[in-house]
Structure formats: structure tokens, C-alpha cells
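Scrolling down, you'll hit the structures one after another.
The following pair of complexes shares a single chain, chain A, combined with chain B in the former and chain C in the latter.
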Partner chain A sequence: MIEKPKIKDILDVIGRSEHFTDYLLLIYGPVNQDVIISTIRLAETKLRLQQFPSTLISRTKTICAEILQNVNKHQIKHELYQPYLVIGSQNHNLYIYSGNIISENSKLNIESKLENYFTVKEEDFKEFYIDSFKNSVLTSEGNAGLGLLDIFYRSNRNLKYNIVKVAENLFSFNINVELHHNALVNT
Partner chain B sequence: MPRLEIEATGSTPEVLLDGETRRLNIRGICTPENPRQFFDPIFQAMEEYEKNHQELTIEICLDYFNTGSSKCLLNLFYMVSNNADLKPNTVVNWVIEESDPDIKESGLLFEEITGLKFNYPINNK
Partner chain C sequence: MNNLRIPASQESPSISFTADGIFRIEGISLVPNVHSFYKPVFEWLDEFEKNLPPKIRIELEFEYLNTASIHTVVTILKRLVAYTKQNVDLKIVWCYTADDDDLLENGQNFQNYVNHPFEFQPK
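Showing the complex of A and B:
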């Protein structure tokens, strides 16, 4: 029995976007390293069961790992709003939706990064990605600050996001990633 | 002979650095919460290895890895490519899946950045 009414809200919100019709996986609640490992394994199993091509499965695993590790590092506990990750499909394309509560500092950091990525021209993006990778510095916590960039790059820039204030200094960060089957099988 | 063995976990690969066979093998999944913490013993063992050896075969076979680990792998390749004694005698086998172009692309990226020459054997697991 699902007690948290927010799950229904999440599905309603995602359902309204009408990007996909088939729900393949929904993870709801706090995330830790064990949840990440289990989610990636489950996602792989579900996608293999549905006979998605290996290219798409591989990229989904990498993107989900980055999304969930970002959630793990930046999530803020909140009574009503819990992190979620949904994988869905339609017409052989995959959709990964995720959300979590973040602080104002994280909001400013994320907005600054993503706004910067969107300003880079498509033809220059690979060079930008390589330069960012080369010049990044690993913190003592092992953060390279490249997670969002990697998601952006691997989704061929098919990433949308919104950040909504839910309380003082707390924001809901939602990210939607689309993986188009045709774009990937041709890479 | 320096030797480092790390067993695989759900989020980290198995690692074997063997001074006798002159090989460094990294195999599995690499998404540790703190990649720096995971890679530090490898860097330390490599520093020791470099003092006594002038050749090395690195074989990396990863299903997937996170960006922090990617940065650590880059640092590992920098370590090798910056060592004049080791660099000409280092073989890097970046094992790929035929059906997964992403892993090969990552290898090509490391190759481009570090100037090391990579081989791309197909995984025959």
C-alpha cells in the first residue's frame, strides 16, 4: 500500500507532460549508495527485458548513476518532498525524470552551470566537454563537478529542468532527460 | 615486487597491480561515492611501481563509471604519460563491448587528452 500521496502527485505531473506512456521504473524516497547500485541494476534488468538496444541501456545506466549520485550528495530531507527517479518509454525512446530538494546555494550552482551549457553551440559542445573535463578539479570528497555536464552531453543536450521554491531556502529541482533511440543507434 | 589487490564491490571494480606480471587490471563497475578515496591506494601503489619498473600493461574493462572516477582514471593516465621511463613501454588495453560505443568514446577521449596510445580489444566475457 502506498501511503505517501506525493507518489500520485509525481505520476500526475509526469503524466501531464505526456512524453511517455510506459512506466518502466519508479524510485521514490531518500537515496544512498546502496539505492543507487540497486536502481541501476534494476533499470538494466527492466530495459533488457523490454529488449532495448545495448547502447540505450548503457547510456541510461550512466545517466541514472550521475543523476542519483547528485541526488545523494545534494538532497535535503523534507517531510513532504522526497527524491524520485522515473524511467519511462514511448516509441523506443527513453525518458528519465528525477527530482529532489536542494538548498539555495545548490540552486544557484545548478542554474549557473546549466545556463552556461545551454549557451554553448552544439558544434562546440564536444570541445567544451573535453576542456571542462581536463580542467576540473577533484575535491577531497571526490566531486569533480561534472555530473550535470555529463548528463547534458550524453543526452545530446536533450535535457530540461525547472527549479521551484517550496519553502524558505528550499527548492525542488526537477530534471527531465530524453534519450532518442535513433540518435543513439547512429552514433 | 609491488602488488595491490582490491576486491570488487557493488560500486567498485576489482583491481590488481602485479609487479611480477607488470600488469594493472581494473575490471567491473566504478561508481564509488568518493572516487578519490577509492583511487588513492592505486595511485600510491603506482608511485611505488614506477620507481622499479619501466613497462606496464594496463587493462581496463569497465561496464560503466561515474564522472569522478573518470577524472581519477584521467589522473592515472596522466601519471603514466608524464613518466618518461614508463610512457614508451606502456600498453593500454581499453576493453570495449561491440554494442556500447560510449565506453570506446571514453577511451578515445583519454587517448586524445593524454597522448597515450590505446588498444580497444573486444570483451569476450
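Showing the complex of A and C:
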């Protein structure tokens, strides 16, 4: 998580990334629906400019949409920590990093879901994904609760995360997603 | 009955449903509350199903959609599939950008969700 809203801190965090060298997009600060729409449009423009394949662009857009909509729904205002989303690339692979502050209830919910997804065998995951959508129920607020599953699925399970306590009942949730160019051959 | 026409916005698709069974949904669906956005569709279908035409053709051309929208569009499609029990000939056409396997896979997943064959139309 990035502490203090200074561009230097953000760049330091990105600079420490061992995965990517080309930085395509960085969003920092509170998120709303307009920010989500604008971010996805900008990401698409940047990726098309760099001639990424359409499939990778579509996946990136969908994953960013789900990440940012989750941030929008669950973000907790904090004077030191702000949500961020970074898209980077290296060797034609794409990397999406994001982080935001969540409550303890959200932490438990996220951990439960992700730990469950990691237990499903790779060869069974497509069926698990389809069944989850078939059996899902929308809440009265219109949430399907399938955003993390969709991110996990579209990244071919290349998802890492950590949740770190930053204050009483407040946690920093960081998620790193990798989209491998080579994996598209098998889809 | 009147046709249903909802124009696209930066976060929602255009929707065109005609009383003679020509339906089309196109664009992005990233609406924050799917219940309120898609409510007119379900209300329109309530009237439409009182006098079903012999054929229904629905074309879907999504750029991307969030999981809540997937759930809701699938619910709409399941409702159309249910009309086939009343001898309605239903054709579901999934349009996608020819080199975009992710959009094609979305359509294949939709086909799985609703248990009705799709026609896949690359553009």
C-alpha cells in the first residue's frame, strides 16, 4: 500500500516492482463511477497504441473494471492511504497492481473467497467458474459477488494478494494480476 | 405494444426490443445498479409475453460487461429461452470482434449459462 499521497511514494513503489519495466497507466486517489469509466477508456487507448492483442486488451478492461468497482464499493477513506491501480508491461505480458483500504469484514470475505478459489484444481476451474455464475444470486444492491472470481479466471489464476493491518479494523488489500501473452494461445 | 428503446450511455448499453421479436443489446454494461437499469426490460417483457410472436431474434454485441450485468443479461436470456416451450423459435446471435477470443469466450460461457445454442458472428 502506498502511504501519503505523494507522487514520489507511488513511483518508489512501482520502481520496486520486479515484474515490469514499462509503465502504462497509474491511477491514484478516490474512485467513483466516472473514474472507473475514464480509466478503462484510457487503458484501452494506451494498450491499442502499444499494439497489444485485442484479447489481452479485453481482459485488461474487464479485470480493471471489476477491481475498480470493488474499490468503489468497499473503499474506506483514510488520510494516509489512497486507492491505486497501476498497469505495466514487460515482454508483452501485462501486470495490473491495485490496492485499497478495507474493513475487517471485507478482509474476511476476500480471504475466504480467494482461499476457496486457490483450492480448486486448475483443470476443474472452468467448470467451477461456470457453475458459480449459474448458481449466483444478485443482492438487493445489484451485486453478484463474483468480481474476484472473474479476475481470478481471466488471469488464468495468475493472481497474488496480501492483506496487511494498517490500523484498528483497517487493512490494506493489495492485488497483483498477471496476464501472460503466451497463455492466449491456449484460450 | 410499444417497442423498447434505451439509448447507450458511457456506462450502459443501447437496448432495442421490438414487439415483433427483433431484439438487440449493444455496448458496455458497467452500470452500478443493474436492478434499476434493467428494470424497464423486465417490465417490457411482462407485456411482451402476453402475445408472443412466432420468432424471436436477439443480437448481443458487448464490448465488456461486469459480473452483475452478466448475471442480469443471462436472466433476460433465460426468460427468452423459456418462451421456446410455447413454440417460439428463438435465435441468439453473439457478435464479437473477430480477433478477440475473450469476447468469444464470454459468448460461449453465456451459452453454457442459458443452455440454448448461440450463433457466433465475428465482425
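Just so it is clear, the second predicted complex is superposed on the first by the 175 of 187 C-alpha atoms of A that agree within 3 Å, B and C clash if a C-alpha of one lies under 4 Å from a C-alpha of the other, contacts with A are read in each partner's own complex, and residues count from 1 in each chain.
Criterion: a residue touches a chain if its C-beta (ideal position, glycine included) is under 8 Å from a C-beta of that chain, and two chains touch if they have at least 3 such contacts.
Values in this document were obtained by computation on a predicted structure and should not be read as measured data.
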item	value
Side-by-side fit of chain B and chain C on chain A, or clash	clash
Touched partner set for A:107, first chain B, second chain C, both or neither	neither
Chain B versus chain C as contact partner of A:142, first or second or both or neither	both
Shared chain A contacts, counted only where both chain B and chain C touch the same residue	33, 36-37, 40, 53-55, 58-59, 61-62, 65-66, 69, 72, 130, 133-134, 136, 138, 140-144, 146-147, 149-150, 154, 187
Chain A residues touching chain C - in the complex, by the definition given at the top	33, 36-37, 40, 53-55, 57-59, 61-62, 65-66, 69, 72, 129-130, 133-134, 136, 138, 140-144, 146-147, 149-150, 154, 184, 187
Residue numbers on chain C that touch chain A, as the complex places them	10-11, 30, 32-36, 63-64, 66-68, 70-72, 74, 97, 99-103, 105, 109, 112-113
Contact footprint of chain A on chain B as seen in their complex	10-11, 31-38, 63-64, 66-68, 70-72, 74-75, 97, 99-103, 109, 112-113
Parts of chain A lying in touch with chain B, wherever the complex brings them together	33-34, 36-37, 40, 53-55, 58-59, 61-62, 65-66, 69, 72, 130, 133-134, 136, 138-144, 146-147, 149-150, 154, 187
